[in-house]
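Labels A, B and C are assigned to the chains in the order they are written; within every chain, residues are numbered from 1.
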Amino acid sequence: MIRKLIFRSFSIIHRLSQWSRKKLTSAGTLVFTGIIFSAVFGIDTRQTHSFLIFSLLFSLLLLSFLFSLFFRGRFSVQRDLPEYCTVGKTMQYRVKIKNESDITQEDLSIVEELGCVMPEYSEFLRHLKLDNKTNRFDRYIGYPRWLKLVQFKRGASIKMTPIKSIPAKTTSSTVIKLIPKRRGYIHFKRSVLLKPDPFGLSNAFKNITQANTVLVLPKRYKVPTISLPGIRRYQRGGVHHAGSVGDSQEFISLRDYRPGDPIKNIHWRSFAKQSIPVIKEYQDEFFVRMGMVLDTFIENKNELLFEEAVSVTASLIESPSNNDSLLDLMFIGNEAYKFTSDRGVSNLNRMLEVLACVNVCHDKSFENLSTLVFRNIDSLSALMCIFLGWDQARQEFVKKIRALNIPVLVVVLEESSEIKHDAGPMEDQPRRFHVLHQNKIEDQLQDITF
Amino acid sequence: MKDYKASALITLALLMWGWQNNALSPAISLALPLLIAQWVHWRLEISDINFNRIADFTSVLFFLFIVIQFSTKSAHGIFAILAALPYLFYPLILAQYLGQVENIPLHSLFVSMRKKPSDKDEIERINLNYPYLMAVIISASAGLKHGSYFYICIAALAALSLYSIRSRRVKIYTWITLLALSISMGYVIQNGLKIAQSKFEIMASTFIEQMMWRNRDPDKTRIAFGYIGKLKLSDQIHVRVQSNETLIEPLLLREASYTSFKFGLWINDDSWFESVDPTTDKEWIFDESSATAGNTRPEKYTISTYFKGDRGVIPLPHGTYRINNVPATEAELNQFGAVNLGMKPGWVRYDAYFDNEMLGAAPGEADLTIHKNYQSILMKLANELDLYSKTPNEVIQTVEQFFRENFSYSLEQYRSMRGKNRLEDFLYHRREGHCEYFATATTLLLRTVGIPTRYTVGYSIQEYSLLEKQYIARARDAHSWTIAYVGDQWIVLDNTPAVWAPLESADENWWQPIADLWSWLGYSVSIWRDYSKDQNNFAIQIMLIIVIIYFFWRLFTDSRFIKIRQTTALQKSNMSVPGSDSPLYKLTNLLEERGIKRLNEETLSTWFLRQENNYQQRSLLTLLDLHYRYRFDPVGLTTGELEEFEDHVVRLLDSPYPSRQ
Amino acid sequence: MTGKEIYQKLYDNIGNVIKGQSGAIRKLLAAFFSGGHVLLEDVPGTGKTTLAKALARSIDIQYHRIQFTPDLLPSDILGVSIFDPATQTFNFHQGPVFTNILLADEINRASPRTQSALLEAMAESQVSIDGNILQLNKMFFVIATQNPIEFHGTYPLPEAQMDRFAMRFKLGFVSTESEVMILSDQNKQHPIDTLLPCINHEDVLTLKQSLHEIRISDELKRYIVDIIRATRNIKGVQHGASPRASLALMKTAQALAIFDGKEFVSPDHIQELATTVIAHRIVLDPEALFSGVTAEDVVTETLGNTPVPI
């Protein structure tokens, strides 16, 4: 009960602290601290002269506040954000501020404000259970952890950045760095320009609404090359149309005529230039088409495990794989995702985009996923599975897949290293069955061999 | 990077602090190392971990200092802490200067912020110069000299500090006006504060009551007759007694005796104190005859009591003839045996030598008087007890037996009634009460049969503290009893039921041991400070020095001295730059001072074009042309052209340059 | 005519056709006269073809355009030997590369084999076919274009080959006023159709010759090298710029000096061209790419950190 009351006060405290961090410069904070201490020591004007200090500092800060009410000028802000960034890696972008007034603006700083939904009480309690690194006082009151949760939901924290002086009607730009803390979208809500008062103690604000978003891709680890030898299945329509219906073939190049080549393939223009027939060479596409299964049915495990699963999936997708295999089918939760097959980089980006936005599924169970996979089993040559557990349902699934002679790679994530699993249906291929533990993922991934 | 401005400001602030607190030489010795550190080319490499250690060391010292100050001076300790702030924070600022760093990690100061080193976030750092400056300024206010001069000084310091962070865009006139406005406003506010406080004090003084410490007024004492509810005095330790022999029965130490009881008050109508001259520096003798009796093994107790003000009545054994080892300023004795000492506030400790002869004048008429309000009741009781027909000794015995058999001890009062009825109520109806009742009743009762008596107050020493290895008396051990003059001497009579002490101690709080420990700590420090200045001081100083050496040794073995090498940008390449003596540089320097600063990567032409409101821009651009040829054209300028260039520059320099708007 | 006058005439002439692209025209001419090639990376419809044509027409030199398609063969570019039954010999028919100004449109749509055929020709200034070596024209200038929108089915130029281009820049969309002017100009007919040459072959050679005489101080050479070297050490850069970049920067800066009528290079010339000359040669590592760093940012940062001689 008390805890809930304390919780309610957090957002007020937080907003207050954000406002004061914008409002007071470091000199201003020092003056304010001085005011507090001199007030404490100077309560009795007969014992010390602190009240003199108090009076002077108070007047300085008061005048400073009064002056910081005025901020003349019009501005517009534009951000050059990249399309993607990665969790934990510094992302920098350029923000351009245009001074639309007639006077030069100097000493400005910019604060970028990101949008965030304040956590609910239940969410907060859940989050408290996850992290047990702090002391007991903090665990009960929980303000630092609440703060961390808010920062997590917001996606990143951006420090105040100074801007070079902007002459009238010109644009100045500055580079801002941030480190995203979680995957998903980061929403920029607005920029606040700060200008200090003549004393340099407090700042005047100018809010400029400018919304942008950037997608944060999940953290990815280095994974050694995966090669799942599977049966190459004939892909109708070649590379361009492997995902859809069609009968056209892929043109590769021209080559000299060899006896036996079909006449219809002669490239007549080149034949006219050269005296020997020239054949258009086509190639039918056969390649190994891999699917990826990501288990989102978290049941009662902790959510950090799921984040690691997403990271592992992303790492496997990004790893340099055999050129002949193509990964473009993903089964996540209740959804199947098909990406048009292309050997370019855009496929990778789109898959990472999808992974950046996946959520856990609390209510459904694994059976939904297995049904989905079996519906699309025909075009699959090989399957990579990332599981959050190794229970009966999942083992059954793997057994059925293997019965269809499709090679499977199984990666199971577990919270602690005490839980051991026997390979079950993967017994005969121990190199394709791996159990990864939540805190040692990076090292264990390096050791994976196939 | 060196911040000369900050170190200058700190030096000024330290001098001001020294001036205000009469500590000029310490101030200078604090400022000198900082200034020297600015000028040497040596630098101590201090890692972040070492900063953590220094910060912890500072906090430990700080905490110790707080404990000492608060336990000896209670609330007033805060001002000693205030005055000592420059010392307390010195290790940190010295470390920043020795390490020649701009700032120290913020997590050194706050343990809660110390995280594992794997954390990739940038470490927040804090420059200690200005916080230390603020601390020194606030600390300077602890002295109380010359308020108006002090205000001028801090106004000047504030002005200098603000000027050092003034941004170029702020026009100087605006800034000065604002500053003047703040200073005057501050002056008005501080005046207002002073006036407000005196008004408030007048209001509050009517409500203030001193219940915390019972200061014995040797001229009167009020009996807690009129309070309804339970009378409970605190467990605070008031008196400590060191005795060579174990006490078999409770020891009564007397503070004062009174003769007349009127309207619920025991007073002395005519009490005069006579000053006693000390025989030596710390010794006073009250009874010459006893002192010269030449006792080979004198009986003494070492008693400590707490003075809130600068004089007070001290508890003494009844037969005290001499006190010793107390650095009091003066001692007075009144005719009823109360001793008043003048001594600075805090714990007062003295050796009291005593014998059987009670201190105090022979009885007079006042010792036999009973106020008419009480006469009837008491005479009635005397008749009932048949006291008139007994000898004085028998009377004493009868009275003692009477109280013992019929009365019990209680702190509670139930009904509100007037004084004389209360005495009657006590004697006849309730037959229970606290020690003051018993003492008052005994004193008055004996007077009915002509035995001179006095009402005496003081402490009853019964509790032995294992921690302190001495006897202690708490506020609730304050006691009253009777002294009666029988057989040419004063004797002690205590008719309060003996169970009174255990009864009172039954309600002890569970935290009492902690409070006692705290009290003992304060007592020990106070005594150490005032009584044993010579030898213990030395020991403590040695300990402190050892501690300091240890910390600095840890610091030095982990860090290295590094010589800073000054490299100037131009020296790094062996190429001499052609045209580096171009006359245009005079202009550029001027422009830099007055106008917009040139960015690192800006060429001169870009920079010139950025200057606004410059009607001489065309001339500047022409000069720039020449300059470029001088610098970047391998062919360069002819001597004639160079001379023309210089002339042109000089002309431009002399012409009135429009100041920045 | 002085170099500056030649440049001015050419600039104005082209400016009749291309509106609102003064910076791009200046850069293009700098590359042209310094003997380097240009890569235009731009969306369709910004006037790349028109610009190449305008340049060619203004000087009255040969101009060819190759539209690169996936099935383009190297022989389509370089030329092919055709058997003549009458004379029983093989006659070599020159490909479009034997010209003065070559516009290679959408170079990223052709297969790598075809791309390298052109790039080799650009590098060597000669072509070897059937064992014969044939020299290209002395005045040989390639404007290659890439379409940044389509990645599908494209073969982006390999980073190693980007070095062959002296500059890379984009034309971009023009301002509103300029676009209105374009509409007004092309109301009746395209101004390119009525464009007449303003200078001749010899003028071009004169300017190119005087380029060699532009002086540059050692200090500025050092400045150029400092910039180039600094790009190699920036975090996120896998490969920085090579000495080819320093050379290109110097030559194009010299060209700018002539355009401004100066006889020596100044730091402003160097700074004006730094990004266009250096950015495309820098290879970023994948991490940097994913965190939004662009090569242009790297060059801007380098410029900011290198103190400029004043």
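The working rule: contacts are C-beta pairs under 8 Å (C-beta built on N, C-alpha and C of every residue); 3 or more make two chains touch, one makes a residue touch a chain.
Treat the numbers as computed from the prediction; the structure is a model and nothing was measured.
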Pair joined by more contacting C-beta pairs (A-B or A-C): A-B
Per CA centroids, the chain at the heart of the structure shown is A
Whole-Å distance, C-alpha centre of chain B to that of chain C, is 81
Once you find the CA centre of chain A and the CA centre of chain B, what distance in Å lies between them? 56
Taking the mean of the CA coordinates per chain, how far is chain A from chain C in Å? 39
Of all residues in chain B, the ones touching two or more other chains: 599
Chain C residues within the chain B interface of the complex: 215-220, 222, 263-268, 271, 303-310
Could you list, by residue number, the parts of chain A that touch chain B in their complex? 27, 30, 33-34, 37-38, 41-42, 44-60, 62-63, 67, 88, 104, 106-107, 164-165, 167, 179, 196, 198-200
For chain A, which residues count as touching chain C in their complex? 81-86, 89-94, 175, 217, 240, 251, 253-254, 270, 273-275, 342, 344-346
Enumerate the contact residues on chain B facing chain A in the complex. 20, 78-79, 82, 120-121, 130-131, 134, 137-138, 140-144, 147, 150-151, 154-155, 158, 162, 165-170, 174-175, 178-179, 181-183, 185-187, 189-190, 193-194, 197, 596, 599, 610, 612
Looking at the complex, which residues from chain B come into contact with chain C? 569, 573, 575, 577-578, 588, 598-606, 628-629, 631-635
